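The two complexes that follow have chain A in common; it is paired with chain B in the first and with chain C in the second.
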Partner chain A sequence: MGLEYVRISPGFEKYMPKDYVDLVQFGPFGKQIDVQQLGQFKELVEEHPMCAGCFMAYFVRIFYASLPNPEDTIVIGTAGCARLALSQAAVPFIYGNYGDTNAVASGLKRALSIRFPDKVKDVVVIAGDGGLIDIGFGMTMHSWFRREKFTTIMVDNEVYGNTGGQESGMSPKGVQLKMAPKGKQFDKINAVELAKTAGCVYVAKLAPTNPKRIAKTVKRAILAARHFGPTFIHAYTSCNIEYSIPTEKVLEDARKREKQDFGFYEWMTDEVKEFFEEIERQKEEVKA
Partner chain B sequence: MPEQKVVDADYLLLEAPRERKFITGAQAMAEAVKRANVDVAIAYPITPQSEVMHLVGDIWAQGYLKDYYRAEEEYGAMSAIAGAVRGGARAFSATSGPGLLRGLEAIASWPGHRIPAVLGVLTRVVNAPLSIQPDNVEIAYLLHSGIIVLHAENQQDVFDFTLASFVISEMVDVYIPIAVCTEGFFVTHAKGYVNMTPEDMKLPPRDPYKAPVPPTDCEIPPARIQRDAPVQKSNFMSYLIHAVWQQEVWASNIRSMKYIYKYLGGPIEVVNPDAEVFVVASGCAAAQGREAVRYAQLEGLNVGLVKVKSIRPFPEKEIRQVLSKAKAVIVPEHNIIGWLAKEVKAAIPDNDKVIGGPRVYGGMTLPVELIMEKIYESLGIKKEKKVVV
Partner chain C sequence: MYYVADVKEKECAKYNCKQCVLFCPEPNTLMYHDSKHVAWVNYGRCKGCAICVYVCSDLLKRNCIEMVMVTAGD
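Up next, the complex of A and B:
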C-alpha cells in the first residue's frame, strides 16, 4: 500500500496534528531524497531525548534520511540508547525484549513475505553493541546463518550507555568501565569478520564522518537485503558521556577512530557487486 | 495434501462432521494445526515436545503451512513468533519444561505486545536434577504472565483446545496468546480416540485488521506506530500506559471466558454435581480423578469430579458454586507445589475443606489409589492399604 497509509483522509487535514500534516506534505514519503537536502524537508525523526552531542543521534538522523523506501520500512530496536530516537520516528518501530531484534525481524520479514509477496517491505534492525553482540549474539548470528533478508545495523558506542556505562563485548581491551573495574580483559569483538563468515552478503564498517557515504552505505545495505540476503553495517557511534568526550570534540574523535580502526570498509558478494554495478550503469544511461 | 476449503469457524468447531481416529496427543495437536490455516510455525527441539513440532514440520512440507523453520533456541523461537504475528501471520510453536522457561521472557511479553499466538506446552520436569519426565510445575510460571492457559486431559482435548485456541486468541476483544498445556508422554506419546473434523476443511485465514491493535505492516494509518516501551516518552507516561495496558491484558484474559463457554463447553466439566466429596483436577490428573469417581461409585461413595479446563482465566465463580455444598475437596496434581490447590483455595470461602494432594512429581504416575486414600480420609473411612480393583 505504501503511500496510501500516510495520506490523510479528505476532510481530516484540519484535525490532524500539524506535525503529521507537515510530514505528509513535506516529508520524504514517496520521494527520492538526497541526504544533502537535509534541512529542506520534514525529517522522519526530529525530537528525541538523547544526550547533547550524541553521535548515535546524528547517525540515526542520517539513517532516516537515507531510507530508500520510508513508507514501506519497519525498524526494529531493543533496549539501549538508539531506541530513544528510533521510537519517535515516523516509521513503524518494534521494541521487543532485550537482544531479540534479529529473531523478531526474522519472523516479521517472513510474515510480510507471505502476505505481500509482490511488494517491497524493508525490515531494518538498529541496535547497539550489547543488544547484537552480547545478549543477542546467538540470534544475530543465526539470522545471518539462515540468510534472513533484512539489514542489521550495529550502532557501536563500545559501552552499555543506557544502563550507566558498563563494559560490552565491543569495548576496546583495557578500557576501564563499570563491571570492568580493572579494565576490559579481552579484545573488541571483530563483528565485521563474523558477519562475513556467517553469510552476510553485504558488510560495511564506518565512522560517521561523511553523511553522503553513510547514506550510500545504508541504501546499499537495504537494497542488497531486499534482493539477496542478510546485510550488516558496523557504525562507530561514540558515547560522549561514558567516554568523556567533550561535545565539541565528538567529530574529532570519530575522525581519529576512523584513522585508527574504523576506516571505511565495504565488502559484498560478487552477485551483490554486479547488482550495484547494473544500477550504476542504468543511472549513467539515464544521465546520458 | 488434500485441497482444503475454508469454512466458517463456528461451523468447523461446533457442527462439522467428525471422524474417530486412534492417535497420540502429539498427533492430535499437529492435526489441529493442520486444520487451523496456520501461516508460520517455528520449532526448537526439546523432549517430549519435539514430536509435535516434527509432525508440524511434516505438514508444512506437505503444503499445509506457508513457512516453518528450526530456530536457534526457544528465546529466538518465541521472539520470532512475536515478529511473525506482528507482521499479520497466524503462528504456532510448542515447547516443554526448561524450554518454556528459556522462552519465558518472550512469552510473558506476548500478551502486552498483543500477540494472538498459540503455544503448545507439553509438560516435563524443570531441572535440576535432570529428568525428562512429565511434571506440570512449569504451568505455574505461566499463571501470572497474562497468557490464557488451557489444560488438556487427553488426546481429544488436545485437538479441540488447540483448534479452538486459534479462533479464541484472535477475537478482537481477546487478542492475547493461548497456551494449550498437556502432560508430556502420558498424553503426547500415548494414543487415545480423537473425533476430528474433516481433513479437507480449515479455519478462515487470520484477518490482522480485525484487531484492537494494528499489525506492523505499513498498510494502515497512522504512519507513527509504536505499540511498545512508552518509557522514552516520559516517566509519567510510562507509569500510566503500563498500568492501563496491564489492566487491559487481564481484562482481555477474562473476556475470553465467553468463548471458552462457546467453543469448549465451559471452563469446567462437572461429574456428579450433587456429590459429597469432589476431586478437582486438571490435565492428566483429571483422568485419574475420573477413575477415582468410578471406583467410589462402585463402593457406594458419593464422589464427584470438577475438571478444570481453563486455568487462566480461572473459573472462580463456577468452582465456588459447584463446591458450595461439598464436604471435602481433593486436589490431585502432577507437581510438588500444588498450584491448582492454591487456586482452588483462593476461590472458595470455606477453604479449610480443601485437601491439597495427592501430589506426584518428577514424572511419577498418579495411581487412582492415592486419590482414593484421600477420599477415605475425608469421609472418615478407615481402610487397610490394599489395591482396589
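Up next, the complex of A and C:
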C-alpha cells in the first residue's frame, strides 16, 4: 500500500462506508500512534468472529496498534484462529497455505525489496503454534537459516484451536485435550531456543499482560527485521474454549502463566542491541 | 438477550484511569472519552466477556463496570 492508497479521492467521501471514512480521519495511518491512545482513535482491525474473551484476539488488537508503519506493512497468516481477525484489518493480508507462511513471506519480502528498492516494506507472519512449529516447522526453520528479513510471531494457545482441540508440539506435557484424551506424552517445544539457534537476531517471549510492553516488543522485532535478519516473538495467547477458562478469568490466567513459564524474555545479537541503544540515545537527545 | 458491559460514568469519572480500555480484546469497543475522561462501551460491538469487569473490580477495586442484559435492537 502506501498513504496514497488510503486517502479517499475528493468527492467520494459521502459514498464510502462510515468505518472507512473514520479510519482515514481518525485512524493511525501516517501518524505515530502510541498504544496507550487505544480507545481514542479508530483502530485498524474491525469486528471479527473470534470468540468472546479470546486473548489471541486481544494480542491481534494490540499488534495492529503497535505497527511502526501500518501503511507499508503486509501481514501473512494461515489457517488457524488468528486469521479470522487478521483478515479484517486495513492492512494487506495474505493467506499462506497452512504451513507455508514463512516460505511465502520469504518470497514476498525479497520481491518487495526488488520492486521498491528505496522504500521500507515490513513483512510480518502471525500464525499459530500448529502452523509454525508443527506443520510449518521446516519452512519456519529454513526461513531463519536463510536469514530472511521479516518478523515471525507465534500466537501460542497450546492447541489446535480452530479445529477443535488436537494437541500441538507446544501443548504442555500431560495436558488433556478433547482430541488428546490420554494426555500429552512429550514436552512443550522450546521455540525460543530453536529461533536463537536457527539464526534469529531478535527473540522475545511474553504473556499479554502489559500492552505497552507488547507494543515495544512488536516494534523492536519489526525494526530489527528491517535492518538485520529474522526476528521471532513467542506470545502466549490462551484459548478459553479448548482450555475451559471462563472469559472473565482470561487475564488472570495470563498473569498466572506469566509467573509460571511465560515471564518476559528478550534476547538480541550485539549488533541489534547497539542499534536500539543508538535509537534510545537519539530520543534522549531530542528530549534534552 | 445477551450481556454487554456498561460503565457507571459518574463512578469512572473519579479516576482518570483508562485501564479497562487497554485490556478489552475487541477493537473499537471499549472507548475512552477525551474530555470527560470516562470509559464507554459501544454496545453493538461488545461480546460480553467481562474482562473489563475483572480489570476494574478485581485488579483495581473500583467497581465502575457492570454487565447488563440487553435485547437485540436496544
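Following the convention adopted for this analysis, the second predicted complex is superposed on the first by the 285 of 288 C-alpha atoms of A that agree within 3 Å, B and C clash if a C-alpha of one lies under 4 Å from a C-alpha of the other, contacts with A are read in each partner's own complex, and residues count from 1 in each chain.
In this section, contacts are C-beta pairs under 8 Å (C-beta built on N, C-alpha and C of every residue); 3 or more make two chains touch, one makes a residue touch a chain.
Here the structure is a predicted model, which is why all the values come from computation and not from measurement.
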| item | value |
| --- | --- |
| Partner chain in contact with A:E43 - chain B first, chain C second, else both or neither | second |
| Partner chain in contact with A:T247 - chain B first, chain C second, else both or neither | second |
| Which of chain B and chain C A:P211 touches, first, second, both or neither | second |
| Which superposed partner A:V21 touches (first chain B, second chain C, both, neither) | neither |
| Winner by number of chain A residues touched, once chain B and chain C are compared | B |
| First, second, both or neither for A:I189, with chain B first and chain C second | neither |
| Touching partner for A:V6 - first (chain B), second (chain C), both, neither | first |
| First, second, both or neither for A:A57, with chain B first and chain C second | second |
| Contacts of A:A103 with chain B and chain C, given as first, second, both or neither | first |
| Intersection of chain A interface sets (partners chain B, chain C) | none |
| For the chain B and chain A complex, residues of the former touching the latter | 39-40, 42, 66-67, 69, 71-73, 75-77, 79-89, 91, 105-106, 109, 113, 216-229, 232 |
| Residues of chain A that touch chain B when the two form their complex | 1-2, 5-7, 20, 23, 29, 49, 71-74, 76, 83-84, 87-88, 90-97, 99-100, 103-112, 114-116, 121, 138-139, 141-142, 146 |
| Touching residues on chain A, where the partner in the complex is chain C | 35-36, 38-40, 42-47, 50-55, 57-58, 61, 64, 211, 247-252 |
| Residues of chain C touching chain A in the complex | 18, 21-28, 30-32, 34, 39, 45, 47-51, 53-55, 58 |
